[in-house]
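In what comes next, chain A is part of two complexes: it sits with chain B in the first one and with chain C in the second one.
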Partner chain A sequence: MAKTRCLDPVVLNLWHPLGALVELPVDTVVDTVLLEERLSLAVGLGREVAVWRSCPDFVAGDKIDVASVSKSLPAKVAFGYLWASLGSPPDELFPIPEYEETDRRRLNAATFGVNVSAPRAIENFLDMGHFPYVHTDILGVEPHTEVKEYDVDISVERDEILATRCRFFQPLASSASETGAEVEYIFRVPHPYCSVLYKSSPVNDARYDVIAVFMQPLSQESVRAHMMLCILDEDNEDKVIKRFQQTIFGQDKPILENQFPKRLPLDPRAETPIRADKSAIAYRRWLSQKDVRYGVIPASY
Partner chain B sequence: MIKLYDYELSGNCYKLRLLMSILGVDYKTVPVDFYPGREHKSEWFLKLNPLGQLPVVDDDGLVLRDAQAILVYLAAKYDAAGTWYPRDNPELLGEISQWLAFADGITSTASAARLHDALFYDFDINTARAGAHRLFRILDEHLWFGERQERQWICSAKQPTIADIACFPYIMLSEEGGISRQDYPAIRRWCDRIKRINGFIVMSGVFPAGPAKAA
Partner chain C sequence: MLEDVRTRWHPIAATDDLPLRHVFHGQLLGREFAVWRADDGYVNVWENRCLHRGVRLSIGINDGRELKCQYHGWRYSNRTAGCTYIPAHPADAPARTITNRSFQAVERYGLVWSSEDPRGDLPVVEGIGEDDLLVLRAIPVNASAELVAQRLQSYRFQPNSEIAGTGTNIELVAATEAAVALRSCQGRAETLGVFFVQPVDSGRSVIRGVLSGRPNDAQLTAVLRYHNEALSKLREDLEREAAALPVPVPIEPIFERVSEELASLPELDSRGRKAAIRVQVARKWQTADGIMAFELRPIRGLLPTFQPGAHIDVHLPNGLVRQYSLTNGPGETDRFTIGVKLDPASRGGSQCLHDSVREGDVLAISEPRNNFPLRRDALKTIFVAGGIGVTPLLAMAQTLNNQSLAYELHYFAQNEQQLAFSECRQALGNAVMPHLGLSPSDTVNELRRLLSPYLPDTQLYICGPNPMLESTRSLAAEAGWPEAAVHFEYFKNTNVIDDSSSFEVALARSCLTIKVGAGQSILEAMRDAGVDLPSSCEQGACGTCLATVIEGEPDHQDVYLSPSERASGTKIMTCVSRSKSARLVIDA
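Right, the complex of A and B next:
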């Protein structure tokens, strides 16, 4: 394996998202950064992909035949995004079965640069306590501030965190909402830097909207945050759905960027959690158990 | 009714939403997918504004582009009290125009830095940040000396003007471009005064003022 700036084997061996396929020009070199390494990538007309360490032979904007790339890093397409790895990744990425349901709208709401560590961003995504204060009149409103008791499990078999029975009163839960409603949430963390959220659909009681955040770590303290939507909404234009999600994310951004320290401390004594932070506690413990070191402040032994 | 061609995360669109909220002007929003869709460069939008920039308003057939120009129009037309853009006060109008041009400078520095960090625009980030700090220093001094003379706002009027509205958004969003306001205390106090204007609204990234301090 080539030398890397990131020395965390756990993180090096993960799949990482690099961009939404629909936003990438065909047969054209695009530059990006992953774990402080400069990478180039290209997508062919048949969705074939290649990712390689940037080199002077192909610069951003050059036309390229994807099949001609000889030194490609491991790369694959999943959930509408191009993923790559700097190490030896597992064959499969975590599953999101709902992505295959054909009546859903599947979109990249946006990819935003954020000066935050990937784990801090994931932890914020799991937190319901901030809804009434940061997403006022959308995902929460005073006096409905209580985070009701919910369940959290670390599934050994699936190697992921699952928070269930989460409920929160939301004035405007999605672009398809007409009134406020108590919304049910399920959170999954199937990857140290990715989380998948299920929330009850305002248009179908029996189903959930799926919203995922995939963090592309640029460095230990900065990310490109990719937001995937896989939702039930037959009425709104794509841009209206994206706007809703971007509004939410734009509200989180200054909160994320003002977290200190920027890396997530894994020592249980470093920050004082409250009962509502159960999923965050499980997340930090899970990262410790996996021995993730990049983007965190490991617990001292 | 006024149609505002709008992108939620644009500070230049927000300044129009803000003024219309303060003035109680009804309007309808036409969402434009600025990012990632680049709809402001699409054929239909270029017909509306050949510069390919947001915001644009259409007021009963009158199509106007440029945030600062639209502020002038909205205040001149819809502010019954005539304080936001006092048409009969040449000295003040000169001052306002001077600071509207200053607001364009804030857009090309502080807003550019934010576009670089958040939306991956290919700008020279160090130049953008240094340019913003230079302007913030000038405004901070201006506001600081103003406070000594009991002037609360950017221009020498008792009430705020569109110059305040024009400068506010990209100053308030500057940290998203890595530009701290820590060294500009007079700017921070002025931002809080703006947040307490009747009709003030927020956008993503801008939070309301905290409760006023007890006297």
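Right, the complex of A and C next:
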């Protein structure tokens, strides 16, 4: 394996997202950064992909035949994104079965640069308590600030965190309702830098909208956050849906960039948890158990 | 070397950097501060990190009394830096030990001074009068404080009244590694300039200049501009010089770890009936017929953080211990104010406070405890006060008022003269509604009117004499109020306590089994066995000595628990309640 700046084998061996497929030009070299390494990538017309360490032979914007790339890194397409690894990744990425349901809208709502570690961004995604303060009048509103009891489990067989029975008062539960209502959420963390959220669908009581965030770690303290939507919505235009999610993202960004330290501290005594943070506590423990070291401040110093 | 610097006082801001309701981002030796002035004038210098999730408090909201974090709305109190409210859990009172790290602050020479670990006094500058000086614009420099202080020795400037001239004489009055004092003389014109160097980090500094004498308005701008240009020139030279030197390693601030108790999710208790705090009666005044108010100030240091609804134990000179609610609003942390009604049937408590305790006396008090926490997630809150029961409700009303949340405070009394704390009530305006001289039946009718219909997301808080409290609770139940929305605090437990039973109590966590005999409370038996539990009123009214029942059937004799809490059989007030079963297992 070539030398890498990131020395964390756990993180090196993961699959990491590099971008939404539909937003990549065909047969063209695109540059990006992953774990402080400069990478180049290209997508062919038949969705064949290649990712390699940037080299002077192909520079961004060059036309390229994807099949001609030698020395390619492990790469694959999943959930509409191109994923790659700098180590030896597992065969499969975590599953999102709903992605295969044909009546759903599937799109990349946003790709946002944020100057914070990937785990801090994931923790923010799991957090309901900030809704009334950061996403005022959208995902929450004062004085409805209570985070009710919910359940958190670490699924051993799937090696992921699952938070269920999460409920929060939302002022505009759907475009159809004028008053607020309690919305139900389920959170999954199937990957140290990825999370999947299930939210009760405003159009179908029995089903959930799926919103996932995939963090592309540029460095220990900066990410590109990709947000994937897989939702039941036949009415709204893509740009309306994207604008909504980008507003939410834009509200989180300044808060996240003012978190200190930027890497997530895994020492239980670094910060003060409350009951509402059960899922975050489980996440921090899970990262410790996996011995993740990149983007965190490990508990044992 | 760095240790020396840490123990010294440094300027971190100009007093003008702290205008009304602003939060200033200060820096010293690699550490960030959130610096803010409360409406009462107190300057707070805090670690720039919310204890919860590390978000900078300098982006928080200064409401004049408290600083609110932008991320989850946690509120930290003026002066004590203690957390007073966690919105995600509106029914709980936060552990009062959630306290942000704060640093000392002193205002002098138009600057705010602080230190990580101050030893000794602030630097004294001869020749600069507190009332006649000019603070120059702060000049940030990308160079070490040491280098900046050295080069400042050759700074040259004209005296204020000869600002347009040239050829002044400069005398180096004093120079240290942190400041340079220069006197500029031309003829009879003379200005002393003191330039303090704030070490922001190992390679960054701020020059904070102060001149003796404030120029008149006509000259002011010219003097400011003159120094701004000259110091900016010095800055450019310094940065050029520093760029050629090796880059110093930035200073890593060390964040204190939170206590083990706080890190392992909530639950914390463990103080007996102790009175660790000494206060002085700073003011005693008659606030209404038969009601004396007492303003208690700390003898040294700061008072602990309190939350609305909290009470303190006051240990009286005659050996009695009595509970009084704090009436203070948020951020009023320099004093505790209580109201004491003279009880004609006094067993010596209110009598002693009314007759014997005087201004200047020292009293021992407990830390504030909050067993009557205020939710702030209601669309509207109704307070019903009877007589002196207004005291905790005044603290609550001020809190909601400060956060612009909707509330009404209905204050029942015989006449105008019996209404206490008029200044506080006036500040709350029309939200306080007195109901005067009503007969018991008219009171019931009025309460019925106020409580119906029940609207969702409304909370009711009641405090007053027992008969009124009982009837308000039953009227609320009649009107359809859910029990969880009705909160109450009794003055005292008027139930006749039957302590004739004897039984066994197993303390699950302590792995002890104790016998509770007739005439002895569970609390007393536990203390005899060396297991301490906090307590306050010790008559089943305040809620401090609450314990969790794991097994057995409690014999409730308190007035603190609600009917459903009683029925659940999982909670017990250990000071008065007993066991119906031969054995009771409690989590202690």
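Assume the second predicted complex is superposed on the first by the 293 of 301 C-alpha atoms of A that agree within 3 Å, B and C clash if a C-alpha of one lies under 4 Å from a C-alpha of the other, contacts with A are read in each partner's own complex, and residues count from 1 in each chain.
Just so we're on the same page, a residue touches a chain if its C-beta (ideal position, glycine included) is under 8 Å from a C-beta of that chain, and two chains touch if they have at least 3 such contacts.
In this text, all values refer to a predicted model and were calculated from it rather than measured experimentally.
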In the overlay, answer first, second, both or neither for which of chain B and chain C A:Pro298 touches.
neither
Would you check which partner chain A:Glu271 touches, where first means chain B only, second means chain C only, and both and neither mean what they say?
second
Which partner does A:Gly44 contact after superposing on A: first (chain B), second (chain C), both, neither?
neither
Could you say whether A:Gly129 touches chain B, chain C, both of them, or neither, answering first, second, both or neither?
second
Which of chain B and chain C A:Pro9 touches, first, second, both or neither
neither
Report for A:Gln251: first if it touches chain B alone, second if chain C alone, otherwise both or neither.
first
Look at A:Gln259 in the shared chain and tell me whether it touches chain B only, chain C only, both, or neither; answer first, second, both or neither.
second
Both chain B and chain C contact which residues of chain A?
254, 258
Touching chain A in the complex: which residues of chain C?
32, 48-49, 51-56, 59, 70-73, 86-91, 98, 255, 257-260, 262-266, 376-379, 405
Interface residues, chain B side, partner chain A - complex
7-9, 31-33, 35-37, 39, 117-120, 175-176, 178, 203-205, 207
Contacting residues of chain A [partner chain B, same complex]:
20, 23, 108, 110-115, 224, 237-240, 242-243, 246-251, 253-254, 257-258
Could you please specify the touching residues of chain A with respect to chain C in the complex?
123, 128-130, 132-134, 142-147, 254-255, 258-261, 265, 267-276, 281
